[in-house]
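There are two complexes below, and they share subunit A, which is joined by subunit B in the first and by subunit C in the second.
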Partner chain A sequence: MPPELAALHSFLAIGAVLFGVGLIGFLSRRNMIVMFLSVEMMLQGVSLSLVAWGRYHNDLGGQMLVVFIIAVAACEAAIALALVLMLFERKNHLDIAMWQELRESNQPLFEEEPLPPQSDEEPAHWPHLTPAGVLPESVAEKESFRRKV
Partner chain B sequence: MISPQVILALGTALAAVGIWWLLPGSSMQKRTLGGVLALVGLACFGSQVPAVGDWFTKGMFHAIAGATIVAAVATISFRSPVYCAIWFGMTLTGTAGLFLLAGAEFLAVATLVVYAGAILVTFLFVLMLSQPEGHTSYDRRSWEPMISAFTGAILVGILTTMIGSAVTKAEAAQAANSAAAVTSTADGSAPAAATSAPYTISRLGAELFTRYLVAVEAAGALLFAALVGAAVIVTQGRAAMKRPGITPEGGTAHAS
Partner chain C sequence: MESYIPKLLIAIPALPLAAAAIVAVLGKRILREQSHWPVALALAGSCLASVVLIFAVQQAQKDHRHEHVVRLWTWAVVQGAGSGEQGAESGERGGSTPYSVLSTTNSGLSSPAFRMDIVLRADSLTAIMLGMVTFVSTLVVIYANGYMHGDPGYWRFFAYVALFVFSMTMLVSVSNFVLLYVFWEAVGLCSYLLIGFWFEKPAAAAAGLKAFLVNRIGDFGFALGVFLLWTTFGTLDFHDSKVETIPATPGHVATTIVRVDPQEIEDPNVPGTVEPGIFGGHHVPVVGRLTKDHPFGEGAVVTAICLLLFVGACGKSAQFPLHVWLPDAMEGPTPVSALIHAATMVTAGIYLVARCTPLYAASPDAQAVVSTIGGFTALLAALIALTQTDLKRILAYSTVSQLGYMFLALGTGSQLGVTAGMFHLFTHAFFKALLFLGAGSVMHAMGGVIDIRQFGGLRRKLPITHWTFLFGCLALSGIFPFAGFWSKDAILAAVAEKAGEAQSGWIYEYLYYAGTITAFLTAFYTFRAYFLTFQGDERIPKEAGHHAHESPAAMTGPLVILAIGALGVGAYFQWMGDFLKPDGFLMQTPVLKALQIQAEPAGYHVPVVATYPWSPHLTVALISTAVALAGIAVAWLFYVARPDLAESATKPAKLLGLYALSHGKFFIDEIYAALIVRPLEALAALLALVDRYVIDGTVNACGAFPRALGAMLRPLQGGLVQFYALVMALGVLALVGALLW
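Entry: the complex of A and B
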């Protein structure tokens, strides 16, 4: 196989795999931020294919398109993260299932499956440092600002 | 000798089952088994992907490509979103390495600086602002893991099979072309990649600010509009929440 065809083949295959993995993540994850990461991963797959095609045709157009993809991805990240923050403030959850009232009127309500059991090797509560020094006095106003975590 | 299509189909099926079991919602044993299956499927794919150059270039290519895809699968299968974001950073680093191998040096650096340096850090900021402690209930479950894993895997299987057959066809056409015109230097289908000068950043920059100047201006306008839009979404959204009628719901977001 000629080397340039082989290089095109391998880069296109990796781009396809990245796109597919991102698609699986977008379809199956429920955390809005992880869904968004998956979309970015799909963009990476497309960028890789574009660079491979540009190299095969010895044309800078492919790389140029990827430069603009990066610019558009920066815009998209700014807007989408602002939206995610606002959606989070409305419902106090990053769960996309909280917004199922936006579904079509003829679609059934999503029913929660039972939670899988928490496995033993991971702690339900993460370890805390032992407190040291004097506890600062709490101000009621400041406490009300603090989000429950 | 097994035909490449059979190996690709086998790899697709193994990777689909592996990712299905790796996605959040399965037990630990199933996740481990899924990881092994996904690795075997990836190896099936890797055996079918040709690489060029001497053994060092080949090994480099396979190592970077494998790391990229393993990190991508880890991104969608870890339950803690912070780990997902950090694995996504690994994916980005691998993609930058692949860009470097493909001769796109500027894009490799831009991916690291803009994606891993700026966008990913913004993600981590938003996670710190909004993520409750531990694994939340929605991070421990996923929507229809089987259907989505098989959808993605079948898409990848079809794409790679088609790429393989198209490349074989192009190879045959190229061979016929060069056999027909052995003495002729003008070869229509063969790219001139081997003969022309390699890409340099200065060539890319010259092209960017001459032929694509309007597009650069448009991208600048788009970035400005996105900046204003993000600010408006946050300020107007907060103002709308203060109005009566809209109350934050949900209460505590604890791991249950």
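Entry: the complex of A and C
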């Protein structure tokens, strides 16, 4: 296998992975910003493969196209973020499942199962990984911050 | 003078049309109570033009020019309608049989096309009809000026009448069956509009509808007849002709060359000219040549054409079994009854049969049917008229009866018969219009009451109406020397003569008896109406109020003129020879010329002009006069001298139910209702159900299928964005997979 082809294969593989990860992210995440990020990732995957092909064929068309894609993506990002902001203003929430009004009128509303009630009590044991090295030093500030994520 | 003929022919219908347009546009707002002026002036102009036309046509006949055809423009051309193969085929067959040439299509045309021209014609028949129509309509319009005074639809009435006169003058002057059909329908439309003139009256609206629908049956037959004419002869023009050379075998020449003018035939053995046109040129058309001696003449096709055309004539001229509309048409204004339903429109059927004389001459069977229907209708209507109490209805049944007389005469197929029929048409127009207008004058004075039991002894209140009505009654009864005497006598003489013939003479013998009995009944019912209305004690219904006086001059003037006509036209034309003589004006019509050839010996080419006794048939005249006088005497006895005798004399008839039968108009309306209307209504109800459940069901099912499909696909639209995205991604995957496969 000539080195150019090998390089192309690597690039394309990475592009495909980027695209696939973005797709899965878009389909599985409900946070609108994260979904948007996933879409960007898909775009980058495609851009990468375009650049790779352009390089392989020694044709600057691929690169040129990517420049355009980046420009368009920038605009799109501005619009998408504005939209997300507006939607967030309406419902005070970023969950895409809050926006189901566009369904057919006689279709049932999708409702997720309610989460089990969460007690404020500290669990007896935090789950932990088996330390493979030195346990990092615990900082009180960080501990409290982590709990909220 | 002949050069004026085209102008006159165009002017006669154009003037009423222009008047109709003017009144229709300006009548409601501007002309109002003056709406009669344009119409009266236009009709007077048309009448004048018609008189000039008669003289012009007469002048031209001296130069052996018997018909004048004016082609205005071509209305429509349908290429290839008459197949060219047919023409070629018949040309080939021309060698084998002498008759095949009759089926040659596209006479006078080089290309095989169905071509329809707006084309007018003038010959004696048309000229006489035009003169009669415009004369009577002018008088009726003058009369209507008085009669319709103060009616809210004054302008509408005159617009309709002018439109009617346009249609009627076109009807008698077109030279093409298609145009004839068009104006046949146009007069029917005007009749409908005028019967239903007072449309807020339910009876009038229903009567208009009935007239229209019954006429539709007749028109259907007429249309089929025209189609059959086209497929048989390949032309629908009256004047069409085609010159074609055929082999000079003696048989051919004998059966095809016929010319009216003996000088025009030089040598019978040279190849001659063939005229397959229906009523072509001033040569006698081939159809006219076909007699019972020739195979084609007995052809079922000609009989079928004749009978189909006669169905149309039956509808328009109110013959049994389609006569039911005419008595109901009396719901219209009386001038309309006089003009359309007595004098002019109802004679269109007579005109049609007279115009198609060569066809009927080719089919003795059709002639017998025409005569039989005519004679039967005459008798039936006269029987019904005996017991009617509505003055206008008596006159309406009398019209039906007289029209029956005319068909009886036309059906004899002899020269005398056809001329007598046309003569009766002409005289009848005068005296029947007179009687109707007189009845209208009575109605006017009686405040709209028309029941003869409600009034009586009006001779002092309405002197002019009384005298003119009496003249009309005498003419209708056929009393010497009134107009009806001459024409009715001619009809009965023609039938009596035909009865003497060997073939199917027995039919005409019975028809002669029927005609004579009808003459008696006519005199009786006419004078019954007259005596009850004008003689006896003076009785005036309270509806009359202060109206019970003589009508204004606008109404009595036309009455007087028509009364003079009813007295004089018969004798005048009898002795002037314009009608009945073999060389008279009417017989110069090309189609009637054909009849004169009938006497030609078979297989011989020189026409022999038949002679017939055109002078009054003395025996027939004596019998019919005696019978009519007897009818008048019986009427006088029953209704003036001894009213009690009438009671006792009619008692047995009442017991037998004959009176009810006559009074109920032989229950023909009821029979139609039971046999035709009810089953049709039931069928309609059934079909309405089929429509609602079967047809609508099918259509609704077609609509329900997409709905069901949509309902199935609707859950896909769940409102979850990521589900859409998933479907999209899977779709792209499937597409890519399909591409890569």
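As a convention for this text, the second predicted complex is superposed on the first by the 109 of 149 C-alpha atoms of A that agree within 3 Å, B and C clash if a C-alpha of one lies under 4 Å from a C-alpha of the other, contacts with A are read in each partner's own complex, and residues count from 1 in each chain.
By our rule, contacts are C-beta pairs under 8 Å (C-beta built on N, C-alpha and C of every residue); 3 or more make two chains touch, one makes a residue touch a chain.
Being a predicted model, the structure only gives us computed values, none of them experimental.
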Overlay on subunit A: subunit C relative to subunit B, clash or fit: fit
Partner chain in contact with A:Leu23 - subunit B first, subunit C second, else both or neither: both
Touched partner set for A:Met42, first subunit B, second subunit C, both or neither: neither
Touched partner set for A:Asn106, first subunit B, second subunit C, both or neither: second
More subunit A residues in contact - subunit B or subunit C: B
Subunit B versus subunit C as contact partner of A:Ala97, first or second or both or neither: both
Contacts of A:Leu85 with subunit B and subunit C, given as first, second, both or neither: first
Closest Cα approach, subunit C to subunit B, once both complexes are overlaid on chain A (Å): 7
Subunit C-contacting residues of subunit A that also contact subunit B: 23, 27-28, 30, 96-97
List of subunit B residues in touch with subunit A within their complex: 19, 23-28, 45, 48-53, 61, 65, 68-69, 72-73, 75-76, 81, 84-85, 88, 91-92, 95, 98-99, 102-104, 106-107, 110-111, 114-115, 118-119, 122-123, 126-127, 129-145, 147-149, 151-153, 155-156, 159-160, 163-164, 167, 170-171, 174, 190-194, 196, 199, 203-204, 207-208, 212, 215, 219, 222-223, 225-227, 229-231, 233-234, 237-238, 241, 246, 248-253, 255-256
In the complex with subunit B, residue positions of subunit A that touch it: 1-14, 16-25, 27-31, 33-34, 36-38, 40-41, 44, 47-48, 51-52, 54-58, 60, 63-64, 66-68, 70-79, 81-86, 88-98, 113, 115-119, 121-122, 124-126, 148-149
Contact footprint of subunit C on subunit A as seen in their complex: 23, 26-28, 30, 35, 96-97, 99-104, 106-107, 109-110
Sites on subunit C touched by subunit A in the complex: 714-715, 717-722, 725-726, 729
